[in-house]
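Please read through the structure below; I'll follow up with questions.
Each chain carries a letter (A, B, C and D) given by its place in the written order, and its residues are counted from 1.
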Amino acid sequence: MQRFALLGAGFIGAVHAGNLAANPDIAFELVYDAAVERATTIAKTHGASVARSIDEVFDPAAVDAVLIASSTDTHAQYLRLAADAGIAAFVEKPIDLDLPAARGTIAHVEDRGITAMVDFNRRFDRDHAELRRLIQADEVGKVELVQLTSRGPASPPLDYVKVSGGQMRDQTVHFFDLARWICGEDPVEVFVAGSALADPRITEFGDVDTSVATLRMPSGALVQIDSVRRTGYGYDERIEVMGATGLAESRRQPSGNVVRYGGGHAVADGLHAGWFERVRPTYASALAGFVDALENGAPPPVTLDDGLKAQAIAEAATLSLRSGRPQAVDYRGDAG
Amino acid sequence: MQRFALLGAGFIGAVHAGNLAANPDIAFELVYDAAVERATTIAKTHGASVARSIDEVFDPAAVDAVLIASSTDTHAQYLRLAADAGIAAFVEKPIDLDLPAARGTIAHVEDRGITAMVDFNRRFDRDHAELRRLIQADEVGKVELVQLTSRGPASPPLDYVKVSGGQMRDQTVHFFDLARWICGEDPVEVFVAGSALADPRITEFGDVDTSVATLRMPSGALVQIDSVRRTGYGYDERIEVMGATGLAESRRQPSGNVVRYGGGHAVADGLHAGWFERVRPTYASALAGFVDALENGAPPPVTLDDGLKAQAIAEAATLSLRSGRPQAVDYRGDAG
Amino acid sequence: MQRFALLGAGFIGAVHAGNLAANPDIAFELVYDAAVERATTIAKTHGASVARSIDEVFDPAAVDAVLIASSTDTHAQYLRLAADAGIAAFVEKPIDLDLPAARGTIAHVEDRGITAMVDFNRRFDRDHAELRRLIQADEVGKVELVQLTSRGPASPPLDYVKVSGGQMRDQTVHFFDLARWICGEDPVEVFVAGSALADPRITEFGDVDTSVATLRMPSGALVQIDSVRRTGYGYDERIEVMGATGLAESRRQPSGNVVRYGGGHAVADGLHAGWFERVRPTYASALAGFVDALENGAPPPVTLDDGLKAQAIAEAATLSLRSGRPQAVDYRGDAG
Amino acid sequence: MQRFALLGAGFIGAVHAGNLAANPDIAFELVYDAAVERATTIAKTHGASVARSIDEVFDPAAVDAVLIASSTDTHAQYLRLAADAGIAAFVEKPIDLDLPAARGTIAHVEDRGITAMVDFNRRFDRDHAELRRLIQADEVGKVELVQLTSRGPASPPLDYVKVSGGQMRDQTVHFFDLARWICGEDPVEVFVAGSALADPRITEFGDVDTSVATLRMPSGALVQIDSVRRTGYGYDERIEVMGATGLAESRRQPSGNVVRYGGGHAVADGLHAGWFERVRPTYASALAGFVDALENGAPPPVTLDDGLKAQAIAEAATLSLRSGRPQAVDYRGDAG
């Protein structure tokens, strides 16, 4: 049984709280949020206590692990505190929007030797995981061409976009991670073309809302990722992998299985209206993977280094968007 | 907030217990089972108490509603106790395997005026409900031909089959109810042809495991229901409705959305391995429908009379299986 | 190279004419039709000659085989003429609407020893044939439950219905044949329930336009066939076969592969508007099967006896519709 | 009625010959091929004559239109001869592998004013055409992101690859055309990343067999095209168009509609084994479009200029492959 404290009681914090309470291997002890009311609501719902201070959270006598779901600018600090206290940490991405700072934090954490995991939850999607299992079982041969689609139904508020780090760092980063995870290798170069089609105002922040990325892998395999902030038809996420002997696909998920024939058409249920309907079960699965690692003294299924590498790709992608040229990915930080 | 007691702590009792605990409008107070250990396990998991006697359960000062998930032979007795105590009741089907006895119980319950609902949970399947919405919205015109498929992956144990009342009363009864619910009318005649193909030993109890039923509706609409105890390919449930202007279908549900192309084929995820994977969410939805009725003083979404009518059809179906001829459905019990 | 004469220059005659002309193993020599103009049009289009008389057609010095696509009331006579002349015959169903007469004609033809085939063209549908191949290869185990759907988009003209012999003999007969072909056994009993829902005027001829048939096989396997004259959603034909270890399906065929997502739905191409769009390629394939038999001195892929058996089932089905009871199928004609 | 001469009696010439013979508005008069035997075979099959010389073909007294399906290095010469003789021309792509030479030829032809059409037959695919109809009808809103997949099952022979001009000019050029046709605008920039994964020997010719292209449109719309010479799973061609309000897709076409459930999977018919099975009907449709234009004095549905533009994109794509950088598309030829 792992004793958990939750940091952050916003929308995603509440989702994690439900999963912490439902997981039979977790004792959900504490919630902390600068907004005490939000923390109180969550604590009451799930029988946890409200932590009055950060110190109460990072107390290894009471807490085995923290789940960091607070605002992005606090991730690095909380990670360091956990590392210093010898408490395991499960952290929402990104570790730090500033890549060199993220590198420094990770070095610090690794030095302390705690078990830490970045919540790249999409790896835990049932269909994506089955897709990867097929690839690992060599069911489609050596990977040659991968296509990932990441399309949300609605543009985020401008205020959010402004501080998000841009589409590559905020949205596509999940898919850079999936590309690495599926291919089993790290891209060496990335080219991105993008446009602001849904809301041209975001060009003020140098951002785009519709983009296509091309990644080159060391093996010669190629990866395409399209990222869209606003579709007119719901949440669309899928992955297609062509290998030397076959093709495997984690298809776009329909919201139901009803179809109506008439007027020359077959009208079926469309896609989920929002990203959360699709992604919801992955949070619990990711958390379960982290707890398994804790219980078994095993490495976590996603490491901080995975987080760093995806971020390095996002960094090169952002550069490519600006320069209009392909950019080499700098994983070690010594190019700049 | 409705205070609930759960009767029965077996497999389905445990499922209901989880739903009772998760429903925000329910206070899950008591569990009763003759096997005290099972009751205790459930009570502990969900923070309820174990009732030491039946009297403790049927106490209107402590309990607003009972959920009857105990063995079939106790349903009628518990329903009567609830009615006498003025406590609402949500009861697993059937009310009584003996149809005249079921009629008597329902008359008794209706006399007392409690809110009571039979758990025809399949009506609460998301896809079935959407299908019916389309029909009610006249999206396919007047219903002319309905096809229902009810196929479980594995034959139940012989001991169960022996006391189940036979395939019509045990399995197909859910689909007789769906047929009424979808068509908005009650079948007047039923013909069933059946065979014992998976396990011929069940012929000793006069039972079948593979059968096709034809129902005639007063409007001339026709209904086909196929019922299978053991498939070789998982759990298969679906409904197709042809109306005068179109067709609507609640399709067989795949277990995932992964497909692999190769060797001339497209190999996709198959059906759910078991019935429970498919049906699971419907229990919570059915319960929520019952609680809504309680909160709003409205009639329950499924009545005891619905239970009785489905049972009357099952009775005629059983007769048809034996006689080899079509049988009129006797809803009032005055034919025999 | 087989020299063919075509009898009948109506709609289906014209279809056959195109196939006769395109088949590289056939020399399309003659066309005969009482309406000389129609025969002339077809002859001109395909470089054949118009036969001035029936005698010219049944001349074994000039003709190796006849394709009988004339009106139903001429089939038996032409078959006998072919048999007497020692000319092979490919004949549209039925041999004779009167079953005893059909039996007499077949006995006569078999006596003469010509190669003769009934055009049960649906056996040559690419998907149906692949379905049967799977069954024969034991991919789904022993057949236990078969479902066939036969639904045309539009009721035929009343004048046609009047002389058609009724839905069982005219429409469902093809599917009685498919049921035998797929199961590899002959049904012993049939029950049919039917209604006149699209056009109640056909009740004047004792006919129905919406019906469901249940067939019992000697092995205990069960077959359901639904037959509909008028759908609101195009031409719907499909077959589903459940065996002991799996399920195989020849699905309804879409008219295209375009889909549009939007407004919460996925709107795909529907079914073919008419039966001919779906069935068209089967005529050429059936003819090719016949020519193969001629070239190789092999038995035809469909025999006259196959035609007779399907007709015997249709006869019992028609009786069941009238009596409201299951009817035994009388294949030998000695029951009446 | 248009009198046609066919130039070229190879594989594609034979396909065109069948379509010329079957089209009711065409009189198929002559076939020419340097290999007289091949021409003779085709002429015999379809009742045409063999032309003994090129002069016989380009005789406006006997021929209204030529179909140029000879080897690529003859296209330009034959087009000029047709133009000089005032004979219409339907020509396989490319006009000339050398882009400036192609420009010169087109200028010459346009000067003479004949009706001339490039056989971009994929525009005539039923599903692609329906997809474009949806877009033109504004069913998905303004086009924002287009994805095209072009994947053949088997690498062409090395000898062919050597003289093909490379993957962009030989294979992807069809999809550059489709991109223009669907978007209604001409890309301004193209970036291509490619690898030689199926057969590394092609790197000797500077070629690739697996590539992904990104096109930028003047409107900001983005286009991705993936091109593969050798898949392990058949012929895969599809187009997906995301607009501001929805998504439309011309899906990969299955080779049939049979599915088998068992062992946890649903095994359906895969894709067509070869490109020709998919593309076959488009040749006749493209030809019919050309004949319609001739009959009505209308412009052809695909112009020589369309051919030139697709080729200009292929040229930039080839440059991008070599330089590793995005390249502007030069449609006028004055950049080089």
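Heads up, the rule we're going with is that a contact is a pair of C-beta atoms (placed from the backbone, for glycine too) under 8 Å apart; a residue touches a chain by one contact, two chains touch by 3 or more.
What you see is a predicted model, and the numbers here were worked out from it, not measured in a lab.
K.L.:
With contacts defined as at the top, give the pair, A-D or A-B, that has more of them.
P.N.:
A-D
K.L.:
Measuring between Cα centroids, what's the chain most distant from subunit C?
P.N.:
A
K.L.:
Which integer distance in Å separates the CA centroid of subunit A from that of subunit C?
P.N.:
58
K.L.:
What's the distance between the Cα centroids of subunit A and subunit B, rounded to whole Å?
P.N.:
Chain centroid spacing, subunit A to subunit B, equals 41 Å.
K.L.:
Which positions in subunit D are in touch with at least two other chains?
P.N.:
Residues 140, 232-233, 236, 245-247, 254, 261-263, 269 of subunit D touch two or more partner chains.
K.L.:
Inside the complex, what are the residues of subunit B that reach subunit C?
P.N.:
Subunit B reaches subunit C through residues 140-142, 144-145, 147, 151, 191, 193-198, 210-212, 214, 216, 220-222, 224, 226, 228, 231-233, 236, 242-247, 324-326.
K.L.:
Inside the complex, what are the residues of subunit A that reach subunit B?
P.N.:
Per the touch definition, subunit A meets subunit B at residues 126-127, 130-131, 134, 139-140, 245-254, 256-263, 269.
K.L.:
Name, in rising order, each residue of subunit A that touches subunit C in their complex.
P.N.:
These residues of subunit A touch subunit C: 232-234, 236, 254-255, 261-271, 273.
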